[in-house]
Structure formats: structure tokens, C-alpha cells
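Down below is the structure, laid out as C-alpha cells.
Per-chain residue numbering starts at 1, and chain names A, B and C are given in the order in which the chains are listed.
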Amino acid sequence: MINLVRNEMLKLLRKKRLFVIILIIAFLVPLFTYAQFKEIQDQRKKMGTQDWRTVLQQEITDTQNRLSSSRIQDEWRKYLKIRLSQQQYYLENDIDPRAPGAPTFMRVFVENSIDLLLPLLVMVIVADLVSSEASGGTIKLLLTRPVKRWRILLSKYLAMLLSVSFIVLSVAVLSYAISGLVFGYGGWNMPLLTGFAVSGDELLTDNVHIVPQWQYILMEFGLVWYVCLIVGTLTFMLSVLLRSTAAVMGIMLASLIAGAILINMVSSWESAKYFFMVNLNLTNYISGMATPIEGMSLGFSMSVLAVWGIAGFIIAFVTFSKRDIY
Amino acid sequence: MSMKPALEVENLTKKIKRKLIIKGVSFTLYPGEVFGFLGPNGAGKTTTIRMIVGLISPTSGTIKIGGKNVRTEFTEAMKHLGCIVENPELYPYLTGWENLEHFAKMDPSIPTNRLQEVVTLVGLTNRIHDRVSTYSLGMRQRLGIAQALLGKPKVLILDEPTNGLDPAGIREMREFIRQLAREENLSVLVSSHLLSEIQLMCDRVAIISKGAVIRTDSVQNLLAEQERVIWKAEPLSLAKELLQEETEVQEGLDGTLITLYNEPLLPEWNQKLVQAGVKVKEMRTQLPSLEDLFLEVTGGESID
Amino acid sequence: MRKYTLTIVSAVSIAATLLWLFGLGWTFQDQFSSNKKFEQPKEKTESAISKKQDGTLTIFAMGDSLTRGTGDADGKGYTGYLLERLKEKSEQEVNLINTAVKGETSRGLFKQLQQSEIQRQAKQADVIVMTIGGNDLFQQGTTLESLDMNAINSKKQIYLSNVKKIYSQLRDLNKEAVIYHVGLYNPFSNLPDAKTTSSIVRDWNFQTANTAAEFENIVYVPTFDLFQLQVENYLYTDQFHPNKEGYKLMAERVASLINFEQEEKES
């Protein structure tokens, strides 16, 4: 099995896919670093202060003012309210959730890329893992070896898992290393609040507790990895089912983007919460953001993702071991 | 032959979308022989081969490689098999060596020095560390054979191995296949739609048409049946008249007559002509091409 | 080298897998076990500085929509124009912190003032400007609900007690900063009931000014006269909030007072 996985890793490397991913991240991170840097500078200029409390207070009053407007949409109002109480909570506990620093950048970056950017990167690697063997004809040589089909597929799955871990690690390392040049490398021990729960439009703080930022980041990256693994598994399944890599990418891209759009629209369509793509924002539960649909929670979203992932895994393996290869 | 068969195919059928594409194909390969699988495009050669190598599952029938059933003892059966189905498609972004390493790793029983052996055998030593994407078709074909030979198989299956090669390449391939059968005691199944190839390469041949094997026999037997005699004589019309009294006569293209080969009667016919004052300039026997043969067994269905 | 790349990437990936699995496990442990105790952070982001910034003039603005600037197309409001005026006149750097919330009442403002961050900012301020009371008197800025004097009187009493609490709290927090309470004008002065409404507003302002006078360094800034004539030219289309011109007038008035105060300090 180790040899089989090694083979798959070799092919991945030689196809230069991992390299491309690293390049993409290395290109995007400076972009976002600069954007964030600009934002901080701009705030300083506008407020004439560097004190985060003032800035956060200003944001709170801005939000309050927006809330007092009567034309505001219900959904948006709920979202703002929850954010408001959270910001207030941070302020009261004298914790700056956005103290600049490379770890903070890492955290914000990964929170913002968990539902689209990272799944897309994963997709780039996984989409042709099986379909390229089918379209390139090499599958005929692969499956006429004295190795059972499920073992060959499993080796590919494990290679997928390893490259997902690798991508997430690249994101972590590159975002830390590059943003640190601007923001400095400190801030690992900064306290952060987690354990918020949302009920209706109330923010429940019974379970709120403080974790150092490094633990917070580790937890978030664990979740990011989980999301990437599920997206990877589903892409993997499509890659088994379809011969054309473009079709795999197309379907995955469409569902991911549909998810991003649905999240903004589905609040009244309750059963939409069983779609995998509206459940990708796991880090929001850690940071205590409003859920897109009533009744969603970290446990719920993770279970939905797990069900999709397991189903995809089974479908992939059953079809692959039975299918006729033409 | 008393040897244990290397490959047994029995009553193989395949239905695709309710259409019967392979209709009960049976044949047997013995060690050391090159077996031809001859049929026009679309006859079902590739489909049969895909079933033998386990890429598609037969609707019914059994396949045994080295005595192991492909369906129930897949890994054991595959240990005895090397194959190229249709084109030799390898990973273009890997070097030839990496490709071989890749496939060798999948079978732990392949020793490391086997790689160098097969590379030397197919004569790719010079270019083996170049990427496959830079290879010519002939080189890919050879690399394909190298990967098929990695596990020291008992049965080698090559689907149209000379497709797309130039005449020199075709001859090389032909000699190589014969050499493998002779020196390594390998059974080779070669499919082709080109009769000339099978004729030159194979010991036995199965003729397949529309998913069914029409005939299986040794090449010699098939040819012997169809041996002809070519006559060059003057005057031609008289010679034809006289011969027609004895046997069936066809007129050749360049002023020749063609009759069946019938050894005991031949001197008699000759004498008759000479006595009637016909000058017999030339009289020779000719092996027919498999084309004639095919036309006969398939009852006129053309090839290509 | 090529061979090593594969080994390194594989090893790193395996290590990463374990790390992320650990992170995921920790998330489970952290998020799904319920008896988490909240502990105050041992290490604070940075100690809360309450001292004033040297060399800069910090204006702390609080109150309702007037301070927020509702009705000004540029969104600046009188605080924005005030800031501009002061920046022109003064060599010092001038900062503005605006915590006003639309629709705020005196009660709401007092509640807001209990927030630690608001208190900290009030403490740091050099100048405090505020508007309040409009939402107490006029129901949500539309009209006087009724001209029933009893009802208005009881509203006024509540308002005045709140204002008093706000004043004293501000004074407790910040002994030095001058507080400018910008007063009410009558937005309905060109409507039929102008006479009655104007007298109500004037009385309201008068009582407020009296309360302010009980404290030190609280300046009541009248605006009634600014809007008394040509009110329609200074009102936004909602006929309640000032427009750009109206805000500019208010800002000028406050600016002139602050300037005076600064000069006095220097001499």
C-alpha cells in the first residue's frame, strides 16, 4: 500500500499540481496582506488613533446606527445584532480580536477562504486524480496489475488526503511567513473568545471562554482541513464517475458557487441546510457568527458534511471496483 | 499438445446495452506459441482482450490465465499476464524509467534489477531517462512492452502492436515477438486486422468476425488448403480449355492461369498440355494471402 | 534531488495530517464539552491606556442623529464640519470620535455611558460635544405627538433627570474637558402650530440650560435662533433633520466657542 501511495504522490508531484497550488497561495497572500495593511492604515488616518478600542467602538456605533435604520432587511439585522453583541463582548473583556500580527492574519485569511478559495485549490488537485487516468488511458495499465481495484483507489484517496493536508499546511506557512513581513510574527498568545452560540437573533455567551490564539488557529485549521477533506472526497467521487476532468471541475465549481449564493438566500428555505455547500463555513461557529439557516450548529454542519463525505466515498469505491473500463 | 495451457478462454460473451457484442468466443494458448487474433475493425478483438485482462467483466464464460480464473482469483491471474490494450498509453510527464518503476512498485514480487533487464531487452537504454512525452510512437510501443514484461508473465497480450509503426518498425516488432516466444517460452496473443502480419508472425490463428470466432487453426493448415498453381502457357486459350476439362480454372492478371494445387494430378495435367502442343513456360505453386482465405471463410465479407 | 522532493513532501504531508487531526480533535473537545469556565484573560492585548494623547485635541461626540449627521448628504454632520473648522484653525492634530446612535434618547445615552469603552473615551477626551433630547421630545423625529402639556411635562422631567445623570457621570469621568451640549431647534416653526411648538422647545432648552449651569464647564449651545427664520432652507427633506447648510451653521457656532476656550487656555 505504501508503494501505491508513493506512486500516486510521485504522479502528483510530477504533474506540478502541488507546485501550482503553492504559487497561487504565494501570489494571493501578499495581495490580501497589502489589502489588510491598507485598511489598517486607512482606519488610522480616519480615526486619528491607533487604539483598537476606539476603532472597535466606532464600528459598534456604526453598526448600531445601521440597525436603527428601518429599511434594513430582517436577515441582515439579525446578523448585525449578533455581531454587535459579540463586538461588545470583546470590548468589555478588553480583547482585541484583530490585533495585527501574522497569526491574526492567518486566522482571518483562513476564515475567509474556508468556503471557496481553499475548496477550489483542493479541487484543482483532486479533480483529475482518477479522471486523468481514464482519459489518458493509463488506467488500463494500472488496473491490469496484480492489485485489487479498491486498493488502487484507496491509494489514490490517501494521496488525496495527504495533498489536502499539504495544501492546508502551505496556506498556514505561507500566510504566516509572508504577512509577518508586514505585521510582525508575534501574537500567538493573544487571547480570543470562543464558544458563542446563536439562538434566534440572540448571542448566547454561557459557554464563552478564552483560548490563546495559537490554539484558536489550530482548531480553525483542523476545521478547514475537515472541510477540504470532504470537498476533496466529493471531487474524488466525481473524478471516478466522470471521464472528463473539465466536467468534474465544472460540477464542483458550480456547487461551490451555488453554496456561496445560497447562503445569502436560503434563510427561509430550511431544508437547504442539508446541502453540503451551505455547511462549509465551520470556522464561523468557532468565532460565533450568525448561521445562514436557523438550527445550524457546528455539530450539525459537521454531521451533514460527514454524511456527504461518507456517501461520496462509498459511491466512489463501489463504482470503481465494479465498473467496465472501455 | 500435452502442455498445460497458458490461457484458456471459454465460451465468452459480452452484452453491452442489451446488444450482444461477443458471442461465445473460445480459444486456448499454449506456452511458446504466438497466437493471432484476426478480424476486421469492430469485430470484437479489443473487447475480448479487455475481458481477458479484467478491464471489463464478461456477461458469461470463463477466462483462465496460468490456470487462475480472472474473475475469482484476479491478483494471481494478473501475476501471469502482461498486456498492452490498444495504444501504449503511459504517463507522459514521467520518464520511461519512472513509468517502469511505477508499475514495478505495484507488484512486490518484481526484483529491482528486473527494470534494467527489460530496458535492455526492448533496447531503450539510451532514452530511458527522458520524459515519455518526447518519445516516438515506436519507443512508446517498446516501453509498453517493457512494462508488460516486468512481472515475467506467462502470457503476453498485444492489441494491434504494429498499428502506426513504419515498415522497419513493424519488422522489428515482428522479430521481437517471435524472439520472446522462442527464448522466454512466452505465449503471445497478438490481435490484428492485417493479414500479412499474422501470417508472418503467428503459429496459430483465430479468425473473428462480428463477435464470433469463425475458425481456429494453425497458419500452415489454413494456407495448405488454399495452395494454388500458377500456369504460364501459350496459347493461353487452348491451355485454359484443356485444363478446364480437369479442374476449375481462373484467369490471372498478367496472362496466367490459376488452378488448385493437387499434387498427384499435376504431372498428368502438364503432360496433357504438352501433348496438345501448348508451350508450358512456367508452372509454380503459390501460397495464398490470408485475404483469400478470409474471403472464403467469411463468405465474402470484406476486410477494412 | 527529485527523489528527495517526493520523500520530503510525503513526510511533511503525513506530519501535517496528524497536526490537523489533532486540531480537529481539539475543536471537538473544546466546542462540545459544555462546562467551560470563563476566565479573565491573564494576558491582555495591551494595557488599556486612559491617558490623553499628547499634542492632539480629541473631540468625543455622543448623542443622537444630530451628532451622527443624519440629513447631511455628505454624512459629516455638525461634528464633521466642526472637525474641519478646528483643523483649519489649530496647529494641533484634531481627532474626532463619534459614538452617536440614531434615535438615541436620554435614557439610552445614559445606558451607553455605562459601557467601559465609552467611559474610557470620555475620560480621554479634550472636548465633549453632544446632542440629546430630540428623541425624548419629538416621537422618533416626526412630530410632537400631542400638544398635551401634562404628557410633555412628564417627559421633560424624565429627560432632565437623565441629563443630570449624564452630566454628573461625564464630570466624574473627566474633570477638565468642556462639555458642549448642543440644544434643540424647532423644526416645525413654519407649521400652523408654530407658536405652541416653539414655546415648548424654548422651555425644554431653558430647563436644560439650567441643569447645565449646575455643573462646571458645561456649555449649553443654543441652536434655536439659527433655525428660527428660514427653517425650510436649513432642513433636510424629512423636514426634521438639518441639511448640510444647517449642520454648517451649528458647527460654526460650536467651533467659535471651542476656539475661544483654547485661546484662554494658552494665555
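Criterion: a contact is a pair of C-beta atoms (placed from the backbone, for glycine too) under 8 Å apart; a residue touches a chain by one contact, two chains touch by 3 or more.
On a predicted model such as this, the values are computed, not experimentally measured, just so you know.
Colleague: Looking at A-C and A-B, which pair shares more C-beta contacts?
Modeller: It is A-C, judged by the count of C-beta pairs in contact.
Colleague: Centre-to-centre on C-alpha atoms, which chain is most distant from chain B?
Modeller: Of all chains, C has its centre farthest from that of chain B.
Colleague: In whole angstrom, what separates the CA-based centres of chain B and chain C?
Modeller: 93
Colleague: Nearest whole angstrom, what separates the Cα centre of chain A from the Cα centre of chain C?
Modeller: Chain centres of chain A and chain C, defined by C-alpha means, are spaced 38 Å apart.
Colleague: Using mean C-alpha positions as chain centres, tell me how far chain A is from chain B in Å, no decimals.
Modeller: 56
Colleague: At which residue positions does chain C touch at least two other chains?
Modeller: Correct list: empty.
Colleague: Can you list every residue of chain A that touches 2 or more other chains, as numbers and ranges?
Modeller: Answer for chain A, listing residues that touch two or more other chains: 6, 10.
Colleague: Where on chain A is chain C touching in the complex?
Modeller: Against chain C, the touching part of chain A is residues 5-6, 9-10, 13, 18, 47-49, 51-54, 56-58, 61, 64-65, 68-69, 88, 91-96, 99, 161-163, 165-166, 168-169, 189-191, 194-195, 207-211, 215, 218-226, 285-286, 298-299.
Colleague: Can you check the complex and tell me which residues of chain B touch chain A?
Modeller: For chain B paired with chain A, touching residues are 50, 53-57, 74-79, 81, 83, 85-87, 89-94, 98, 102-103, 105-108, 147, 151.
Colleague: Taking the touch rule as given, give the residues of chain C at its contact with chain A in the complex, in rising order.
Modeller: For chain C paired with chain A, touching residues are 5-6, 9-10, 12-14, 16-17, 19-27, 30-32, 34, 36-46, 48-49, 53, 56, 68, 93-103, 115-118, 120-121.
Colleague: Please give the residue numbers of chain A that touch chain B in the complex, ascending.
Modeller: Per the touch definition, chain A meets chain B at residues 3-4, 6-7, 10-11, 14-15, 136-138, 140-148, 322, 324-326.
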